[in-house]
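The following pair of complexes shares a single chain, chain A, combined with chain B in the former and chain C in the latter.
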Partner chain A sequence: MMELRLKPKVSGLSIPLEAEVISPDVIAGKTLREVEELRVYHGNRAERLGEYFEVEGEVAAEPGEQLIVVEGDVSWVKYIGAGMTAGKVVVKGDAGMHLGSKMSGGEIIVEGSVGDWAGAEMTGGLIRIGGDAGDLLGAAYRGSPEGMRGGCIFVEGSAGYETGTGMRRGLIVIGGDAAPFTGAHMNGGVIFILGRAAKRLGAQMKGNGSLIICLGEVEELLPTFVYDTTYTPTFMRIYLKTLSEKLGIKRAEEYIGRPFRRYRGDRAVGGDGEILVVERG
Partner chain B sequence: MPVYRSVVCPFCGCLCDDLEITVEDNRIVKVRNGCAISTSKFLHHHENRVENPLIDGKPVALEEAVKEAAEILKSARRPLIYGLSSTECGAIAKAIELAELIGGVVDNTASVCHGPTILALQTLGESKCTLGTVRNRADLIIYWGCNPLEAHIRHLTRYSAMARGLYTSGGRKDRYVVAVDVRETRMKRVADLFLKVNPGGDYELLSALRAVVRGYGLDVDEVSGVPRDVILELAERMKKSRFGAIFFGLGLTQSEGRHMNIEAAIGLVADLNHHTKFVLIPMRGHYNVAGANTVTTWQTGYPYAVDFSRGYPRYNPGEYTAVDLLARGEADAALIIASDPAAHLPYKAARRLAEIPTIVLDPKRSMTSMISRVVIPTAAAGIEAEGTAYRMDGIPIRLKKLMEPPEGVLPDAEVLSLIIEEVMR
Partner chain C sequence: MEMMRVNGVEVEDTFAEAFRMWGCRVIITAKNQKWADTAAMEMTGFATSVIMCDCEAGIERRLSEDETPDGRPGTAVIVFAHSKKTLIEPLVRRIGQCVLTCPTTAVYNGIPEEEADAMLDIGKRLRFFGDGYQVKMRLGDGWLRRRRFWRIPVMEGEFLIEEILGAKKGVGGGNFIIMGVDEDSTLEAAERAVEAIHRVPGVITPFPGGLCRSGSKVGSRYPFLRASTNTPFCPAIKHTYPESQVPEGVNSIIEVVLNGLDEASVRRAMAEGIRAAVEVEGVKRITAVNFGGKLGKYQIYLRDCLGGEVS
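Let's look at the complex of A and B:
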């Protein structure tokens, strides 16, 4: 992969920068000069990417060959990697809202934390977040019926409110704690929570194989989720092994062979989704 | 001594349109039919007025204040226009025009009251009717997280529990009334059934009701402090009613769960419509907050939290809402119209307003006018200026002009037009 480095020239802007151009799809095939000239938006002013970042390194011919490394904290930059289809973006710090939203392929690695709406409505690709995620991770945008439709998000830390709202397909793994309403309106897809799951998990979840797996403690389930059995699902072994091998979450293997309590719901919407909670002990 | 009849009251979302107001020497001296809030507001209308346009607290000519306002807005990168719930629709339309022109964000106070309601309505749709229909038909009325006895005083007698209508000629005795709240309010005395729900437990209770209405049993003894039997009975009563209505307020929209609470309520009402006729109506506070949402929607496609920074409207509550924009320190200038955010917004947001150049258009002095760089007095809509306002159920009603504003004072819409002209110059 060809590596292009973006070094922030400023730190902590109070008005965030909208820079969906920080994406292999936009940058591949351009010259360094052209990259510097790419349009970014600071409030109501359109400006050059080069005003905010030093641009160096190499540009690839194809997005799939392009690696973009953002060197430093860019919690003030929105839309990094939004809509990308291939290639790789690495952020060596925090990133702002809408990171990787609507992306369909490629990989984004954020070493720090991300703002709200990361991976919203994504359809493919991988997002790895070293720190915490804000609210509405992998969620549906307002007014839109479906959230994440494919791909994978792994947050090492905690995730905010309404993670995976309206999720249709794909996988979200939360290494830390999950805030209330995780998996609300879920209609497919899988969410793993390794830390503590807050209340209102899977609220208004419909079914379609929607699955929330809690490996940690659960604060409280809605009265409209109903317990049906305790069992040791065979597929869990494959899932946990995959988490360990593909995403490097070694502690997932500790849960292999452990029984799970199964709850179905959300009956408030006549739903048939499942929440699996590992048996303590 | 002119007496105006069928005056519309511009003080809450009920927009009662049967007031009689006597004006003497350009001052309101008598109010008939108004509630305590309305009467007091009308009678004290002349007090506490902003007398002159001000820049940094010093009186200036209107042209100068308009020029300064235009200068501030033009040079800002992230200007915010906010308020709009206590003015008429013409002014709201002008405010949106200005927001587009300066590439700013326009938000109204719905974002701190019924914004969650709108989010939920956008997700699930809405089963609604006019207040007149409730008055004429409803035999089951539920007040959830709201207290009309304190906030919408004539609601009960004009439109809901006590009102006598076409098919409810017995008034109160033709209806079954339920109130749900986290603490015992005076509504307990009005209601046939009062449910005290644990704080933050509304979502669970609504979900449980939904499941029961759908025909499922309940495996738990109580939900959020309400016993199972009571829930089963209420669900049955809802299904058996001829026409049911749920009115809800900030107790539901601003408590834990926010828009998800409203989604649960909408879902419940939708499910009930498989059995009978049921509607849901938000208790809107400021008299034209519903108009602010309506006008913003017809002009931009979105009801509040609209950002024009990229030249076209974008919508995202939480990102472009005034509180968030201010608390994050993003807004670098603000124009406040007919609202007092310095007094009502959370501390961090209010403090930001004091740090940036703020312009306020208001008939009266307020906390916000005290911290603003530019203050422009305006004529009060519904008293000194005409205009249209939307009632809480979405019915547009024409406001009357009862008297002349103080000399040289213009309505909001005209001041905004002057600012627009100056920005375009």
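Let's look at the complex of A and C:
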């Protein structure tokens, strides 16, 4: 892959910068000069990308060959990788809101934490977050019927409120704790929580294969989730192997062969989604 | 008929007449090898020949925990039928009655989509056994290879099956005949041949223990019977059957029949089998069954299989 490096010239802007142009789809095929001239928005002002970043490195002809490395903390930059279809973006620090929202392919790696709405309504690709994620990770935008519809988000740390709201397809893995309302309104898709799962898990979850798997403690389940049984389902081995082999989460293998408690709901809305909670001890 | 010699044994310069068949590899896993084998044996029962069975099936090999999708011990089975269409029904019935019912088993596709000529909706059909409580399992959407499975509740737990299974155009009816001086030497040679054949990937031997002692020929003197034993090769009637092809000194004959997922595998397996068979003392001659080239798409010549090793 051809590497283009963006070095922030400023830090900690009080008004965030909207820079969906930081995407292989936009940058591939341009010259360095053209990249510097790409339009970003600071508040209601349209400005040049080059005013906020030093641009160096190489530009690929195709998005799939483009690697963009953002060197440093850009928690003040929103929409990095939004809508991208291919290529790779690496952020060597924190990133702002809407990272990878509506992306359909490629990979984003954030070494630090991300703001709200990361991976919102994404349909494909992989987002790896080394730190924590804000609220509404992989969620549906307000007024939208469906959130994440494909792809994978792996947060090594914790995730905020309403993770995976309205999720329809894809996989979200939370290495740490999950805040309340994780998986609310889910209608498909899979969420793994390796840490502690907070209240209102899967609230108003429908069916269609919706699945939340808790490998840590669960604070409280809604009474509208019905306990079915405790068993050791074979399918879990497939998911846990995928987590280990494709995402490098080796500790997932510790749960292979462990029994799970199966809850079905949310019966409040006639849902037949599932929450599986690993049996402790 | 011209003869070659391999390890001093006569090998007729003839060909095995084989047919186009569609094959599907099914990977069965279970809690342990015992139950994977049990399901595989049940599933491949009564599947020797399409003369009277709905398919031809056999166990390809055992799979280690590293080779299966769920990390459990497994057994690979290959099922063959005349066409893609006629392959579906035996798969649905056999998996439905022999694997779904077998404790702890799961079923996975054994031919990846890029290698398959068609993907068959097998799990998709079997899901109805869940009576509405089956759950669709999705994997890889938008970031890995997209895969679908069905989780079907059963009394023991849950049966997991991949939604589609890969099938490809293969070859059925690869064969060779071992002629020996007595039953012991012929059987030992045939057993060794089958053992060698099973080292070739993508090949099964659908008959009992891989062996067909009756042989078969097209038609019979009875109008209701479309195939009969291979009377020209029956030593018991070699001096009374007018067109007997049993050589002097031969008193027992066994046919080894094999099907493969491609022609090259069948050729290689035939060669491995013949080479193993001719090592046994008492084997007098090797030949193959054909119908004059009128019925089958493939003519697999023994001399081609054995390559430069003919002496």
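By definition in this document, the second predicted complex is superposed on the first by the 281 of 281 C-alpha atoms of A that agree within 3 Å, B and C clash if a C-alpha of one lies under 4 Å from a C-alpha of the other, contacts with A are read in each partner's own complex, and residues count from 1 in each chain.
Here, contacts are C-beta pairs under 8 Å (C-beta built on N, C-alpha and C of every residue); 3 or more make two chains touch, one makes a residue touch a chain.
All values reported here derive from a predicted model rather than from experimental measurement.
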Combined model on chain A: chain C and chain B, fit or clash: fit
Touching partner for A:246 - first (chain B), second (chain C), both, neither: second
Touched partner set for A:209, first chain B, second chain C, both or neither: second
First (chain B), second (chain C), both or neither touched by A:85: neither
Per-pair minimum CA distance [chain C against chain B, superposed on A] in Å: 18
Shared contact residues on chain A - chain B and chain C: none
Touch list for chain A against partner chain B, complex: 14-16, 18, 41-45, 97, 116-117, 135-136, 141-143, 180-181, 184, 200, 203-204, 222-224, 226-227, 266-270
Parts of chain C lying in touch with chain A, wherever the complex brings them together: 29, 69-72, 104, 106, 135-139, 141-144, 149, 151, 157-158, 160
In the complex with chain C, residue positions of chain A that touch it: 104-105, 122-126, 149-152, 169-171, 188-190, 208-209, 231-235, 237-239, 241-242, 246, 256, 274
Of chain B, residues touching chain A in the complex: 76-79, 102-104, 119, 122-123, 203-204, 206-208, 210-211, 214, 216, 218-220, 223, 256-257, 260, 263-264, 267, 308-310, 315-319, 328-330, 332
